[in-house]
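Next come two complexes built around chain A: one with chain B, the other with chain C.
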Partner chain A sequence: MMRFSQLRIWLLVVAVVTVLALAACSSDETSGGEAEPDKITAWAWDPHFNIAALEIAKESYGKDLELDVIENAQDDIVQKLNTGLSSGSMKGMPNIVLIEDQRAQGFLQSYPDAFFPIDEYFNLDDFAPYKLEPTSFDGKQYGLPFDTGVTGLYFRTDYFKEAGYTKEDLMNITWERYIEIGKDVKAKTGKDMMTLDPNDLGIIRVMIQSAGSWYMKEDGKTVNLVDNEPLRKAFENYKAMMEADFIKANSDWSQFLAAFNNGDVATVPSGNWITPSIEAEDSQAGKWAVAPIPKLDIEGSVNASNLGGSSFYVLNIPGKEKAAEFLGKTFGSNKEFYQDLVLEVGALGTYTPASDGEAYQTENEFFGGQSVTSDFSKWMEEIPSVNYGLHTYAIEDILVAEMQNYLKGKNLDDVLADAQAQAEAQLK
Partner chain B sequence: MKKLKNVGVYTFLSIAAIVSIFPFLWMVVSMTNKSVDVTKGRLLPGSHLIENLNVLFESVNMVTALVNSTIIALITTFLTLLIGSLAGYGFEIYRTPGKDKVFNILLLSMMIPFAAIMIPLYRLFGRLSSTVPFLGIDTLAAVILPTVITAFFIFLFRQNTKMFAKELVEAGRIDGLSELGIFFRIYVPTMKTTYAAAAIIAFMNSWNNYLWPLVVLQSPEKQTIPLLISNLGAGYTPDFGVIMTAIVIGTLPTAVVFFVMQKYFVEGMMGSVKG
Partner chain C sequence: MSKVVKRTNLPYTINLKSSGSWLKKNYIGWLFILIAAAGICLFYFYPMVQALLLSFQSGMGANLEYVGLDNYVRLFKDPTFIAALRNTFLYLLIQVPLMIILALFLSVLLNNATLKFKGFFRTAIFLPCVTSLVAYAVLFKYLFGENGLINQFLLNLSIISQPLNWLSDPLLAKIAIIIAITWRWTGYNMIFYLSALQNIDKSMYEAAEIDGASSLQKFFYITVPMLKPIILFTSIISTIGTLQIFDEIMNITNGGPGNATLSISMYIYNLSFEYSPDFGYAATVSYVIVILVVLLSLIQFKVAGDKK
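Right after this comes the complex of A and B.
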């Protein structure tokens, strides 16, 4: 039997807790009522790349702005944004956040009110067209395009010379030709042609975007696998490469890096952001060059594509105007700033007026004196524009499994039809 | 014949030992190598240790992260032990109608993955941010509070309390000790091994906790060790030598705690099985 005094204490405790909880729940914490903050925060993920870029932007901005750049791994940013935005609490969210282009539509469509449209803060025509589609939603521009994932075919000039090929032999080729050359190089030098992670179909995405196609139709929602001619072609190429026995498999990022740092592969078809990783192995200086990425052997495919790349977004919280103005005045319009970006960080933006600047023409000794930046920015302007839609990675998970079935001998029509059915069922 | 059997046993044990020790060995060796050498899989110690340490302590807030992790882990361990043991003791010693039902419901909560309650929790702390000071997103309280009350520790203490001689409670009451007095002066000293075992688990859980600190801590100066390590691997060209150095340093405290309390750990865990 509980004594009365004890009971009273308990009742009091329960009452206090309830009041506290109710007070907490009823308080309205939408952004409107709060004051402009003194400083704005930004989330990005690579201290040598996008974080360094933000720091340079801060310097070049000139105006007095307190900008706090916070480093978080990319997956961590996705996790934090998802948790924060889906809880409906904007507390703790940054003013500016960097999001990978292929994920952007997911955020924009799931949380349309959480982002602040920034059309008025910069001129859209100044940017590579392929970059605008994934960063806008519902007719409004939300992202300020940052780095390009323009692809190139990095290759070892010494290996190709040994096999009897010149640089010209790799210019503007098709993937079919690439496979032919690859077999020959393997036979003559014993080196594999490239390294691939079977769980990452990045190379397939590179191939289909070069023909202006994607896993989804232009609306970004309709699954587009079964009658997708570029995708079919890409699958065929992928299988042909596997069967040509010149693929060195890797299972993670460090093995991917190791394959070319060790000199095990003759080419690396990848986004231009891989340049610093290739340059990391000093002993290979002068032995690399970059050619345009191969294209698909079909109408409409070009020798330019994209892999990765990201853009800045402004969250709809106090300080948004300040943040948008900062982005607009730096990443959105400052040509000089982009020269610094290339020289100091090696980051290639998608701001097209910057490409005739001096820094872009610099010859890179590691790549045998090639003006790598200038080449990449030329290819960048040719990248076909596609809508990455909401479900790139969800569909890719399905395709990874189906690709294995295809490699084991399943008929390609069935592979694509099954993948289409699975994707439609899953994304309903 | 017996000798042959021994050879088999020792071969198996050696292989098992190599498999479990190799990753640690590689981690320590990689700490002394350049990033490129790490990716190449170099197994010999290199001469890059000082550079790695320099980068780690100069370019990132390793010291701050160590201090943060230590503070959070110590407070969490203390509170977890206090609450877990009080509750476990209460469940076992006192007779209350329906206590087993309550206990079963409590155990069910062990089945709910943290990811499922993370968003409501974030919402809760987000709301608290604007009303209660020191209790919102990005505060110490927000990291610690959701982790200190866990069914696991209440269960652990309740099971171990089954071995505790209840006569001691009676004796304490006759000698005029208050109920809390009995708990702190009689129960706590006799259950030292259980506390030690629980302390190791609580400390390690808190030290290695990743998901919740990740979403709830925003300022870099509040970062814990796992978050820092995750950030180190974030770039397009991560420095694996530095990452390995951070991991080795980040692993040391848990290793020390474990070795210091190892003796008690086994006894404490045995208790919960015997009960």
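Right after this comes the complex of A and C.
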């Protein structure tokens, strides 16, 4: 009997506690203040780029708006959004958030009601077309396109001169030609051609987007690896570059920067956002120039591609109209603002009317007087539009592993077929 | 309450007047543990049950739906998961024994009565444990970098002629991770052994010496058997820790090259935050860790032959 009552009390305690626990958990606030807030919050990363751009936007916005810009690392923003939005509670979420283009579809489709469509707040035709596909979903525009990741081939004019090449030799070339030149440059100057992180297939993405292809088909869902001709070509080029022995391996961002700041590599094929990092090494002023990115040796590939870039999104919470209007009046339509952006931050937007502005024509002394900004904005308009779809990073992790097998000698057909099978199994 | 009094085999006879007075006597006790018990249920058991339910669901982000055992079937067909599992077991099988033996060895050395600067050595070996996981992982990343300290050291000693690609070679990257974890946790385990060594009766060693035992014999026939419970404890703790390894992988190699150093926890992170979020499948993978911890701990208890 004693045992019985002890058991009973235990049961009672557990029951009480469970009820308490459940009660505590189910008492979610459903009435979450409908009142318009006075303050608009925005989450973004990189104080020298995105945050600075938001600050300039705030200044150029005529109306009085209390905008609170909160700096977070990009990874933290991704985590906070995922945990916050999946909990179903919008508490603590910002009004405006910056999302990388390749992740945007994942968020838009994972949390369909969490974002606010902003079609009405700006003119879609004013923006580079390649930027609209990843930022819209289900016929509605959710993102306000911000910076471009338009790529260029940054190269050291002094090294190329030493090897007997001029800028003309690098204009509108293919990757195959790039590899030939690279071998020659390495033989004559001893300098590596470029630096790569084996865990980051950014260069592959650059190559395939130049031919309008991606890891997924246009629907953004069907895995497109095995019969993807541009991808096959890109893999072949990648292996050829590795075998040409002109790749300096790096394993993180700081080693990547060090490789060209120390003058170890002759070219940097990258997004235009790398410009400030290249300019950071004063001693190399006048020794750099930018050529169009090489293309793939197949029909339909152009000398323009994209790497990175992000856009602003408005969350579906009180204050959304205010936030959308702010974005529309600044990033969405203000030509003058984009001139300031180029001059003060070096940020190149995707707002096309801005490109005939004065600031875009400025000659850059660091790049031997080349009008870098104007060149980039020309290339930007040629970038083929692709649907990044949902699973870029998941597929890339599979490809990184398969690329290692390919480099070790596995047959390319098997590599792509295996990658396709893995991706389909993982993403069903 | 004559019925109760008859049951003399119960140990708590003093409480046995009636269930009512028993409650009265103990309700203050219950009150004390109520908050802790509620806390444990709320923050421990409730999330565990929720995670279990979540592991039967699948879908992107907020669009979850019940899929039965699909996630568990998917596990066995998922090459990334299998790679993560294999890597984690490799860390476990190589790193844990290595660390336990090293810690045992160091603690016996440091327990030597004639050793000078004992305090200094003990502190020096324990010190890695007070560093933050992320801070030390970042340091190791730079140590193992292509022009990092370790490559420079090996180059200067002419052991290697070219810098080794520690972090971009699948095998070397695993070795680097194992070295890092061993550096971080050996001192922690050593402290347990040191304190246990203080409790071994000196007279046993003296008796063994009189019988003519060598120091090796003393180690294997006295020290190791006496430390057995502690060895069991540290190996279980280390096994659990290694199964959950995350910080080092995330910061030193980020799982690469390819999947060569990916651990189960890192894969859970990738599934939730790196790829299009699938919290259901991520929860399934995390339950694999739970099952593994339980199984491995049971095996260790059995192997160590501890009947209690």
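Rule of thumb we're sticking to: the second predicted complex is superposed on the first by the 395 of 428 C-alpha atoms of A that agree within 3 Å, B and C clash if a C-alpha of one lies under 4 Å from a C-alpha of the other, contacts with A are read in each partner's own complex, and residues count from 1 in each chain.
Here is the rule we use: contacts are C-beta pairs under 8 Å (C-beta built on N, C-alpha and C of every residue); 3 or more make two chains touch, one makes a residue touch a chain.
What you see is a predicted model, and the numbers here were worked out from it, not measured in a lab.
Asker: Is A:Gln79 touching anything from chain B or chain C once the two structures are fitted on A? First, second, both or neither.
Answerer: In the superposition, A:Gln79 touches chain B and chain C alike.
Asker: Touch check for A:Asp184: first (chain B), second (chain C), both, or neither?
Answerer: Neither: A:Asp184 stays clear of chain B and chain C.
Asker: For A:Gly88, using the defined touch cut-off, is the partner it touches chain B, chain C, both, or neither? Pick first, second, both or neither.
Answerer: both
Asker: Given the touch rule stated above, what does A:Gln426 touch, chain B (first), chain C (second), both, or neither?
Answerer: After superposing on A, A:Gln426 lies in contact with chain C but is clear of chain B.
Asker: Is A:Pro276 contacted by the first partner chain B, the second partner chain C, both or neither?
Answerer: first
Asker: Thinking of the overlay built on chain A, is A:Asp297 touched by chain B (first), by chain C (second), by both, or by neither?
Answerer: neither
Asker: Is A:Glu55 contacted by the first partner chain B, the second partner chain C, both or neither?
Answerer: In the superposition, A:Glu55 touches no partner, neither chain B nor chain C.
Asker: Considering only the touch criterion stated at the top, classify A:Tyr111 as touching first (chain B), second (chain C), both, or neither.
Answerer: second
Asker: Tell me the contact category for A:Gln255 with respect to chain B and chain C: first, second, both or neither.
Answerer: The answer is both, since A:Gln255 touches chain B and chain C.
Asker: Counting contacts the way the document defines them, which residues of chain A are shared by the two interfaces, the one with chain B and the one with chain C?
Answerer: 20, 24-25, 79, 86, 88, 255.
Asker: For chain C, which residues count as touching chain A in their complex?
Answerer: 3-4, 7, 10, 12, 15-16, 19, 22-23, 30, 34, 37-38, 41-42, 46, 60-63, 74, 77-80, 83, 141, 145-146, 165, 167-168, 170, 253-260, 270, 272-277, 279
Asker: Write out the stretch or stretches of chain A touching chain C in their complex.
Answerer: Contact set of chain A toward chain C: 1-2, 5, 9, 13-14, 17-18, 20-22, 24-25, 75, 78-79, 82, 85-86, 88, 106-107, 109-112, 114, 198-199, 249-252, 255, 390-391, 393-394, 397-398, 400-404, 422, 425-426.
Asker: Give every residue of chain B touching chain A within the complex, in rising order.
Answerer: 35-36, 38-41, 59, 118-120, 122-132, 136-138, 211, 214-216, 218-220, 227, 230-231, 233-238, 240
Asker: Touching chain B in the complex: which residues of chain A?
Answerer: Counting only chain A, the residues touching chain B are 20, 23-25, 27, 29, 41, 45-49, 70-74, 76, 79-80, 83-84, 86-92, 94, 253-255, 257-258, 261-262, 273-274, 276-277, 280-281.
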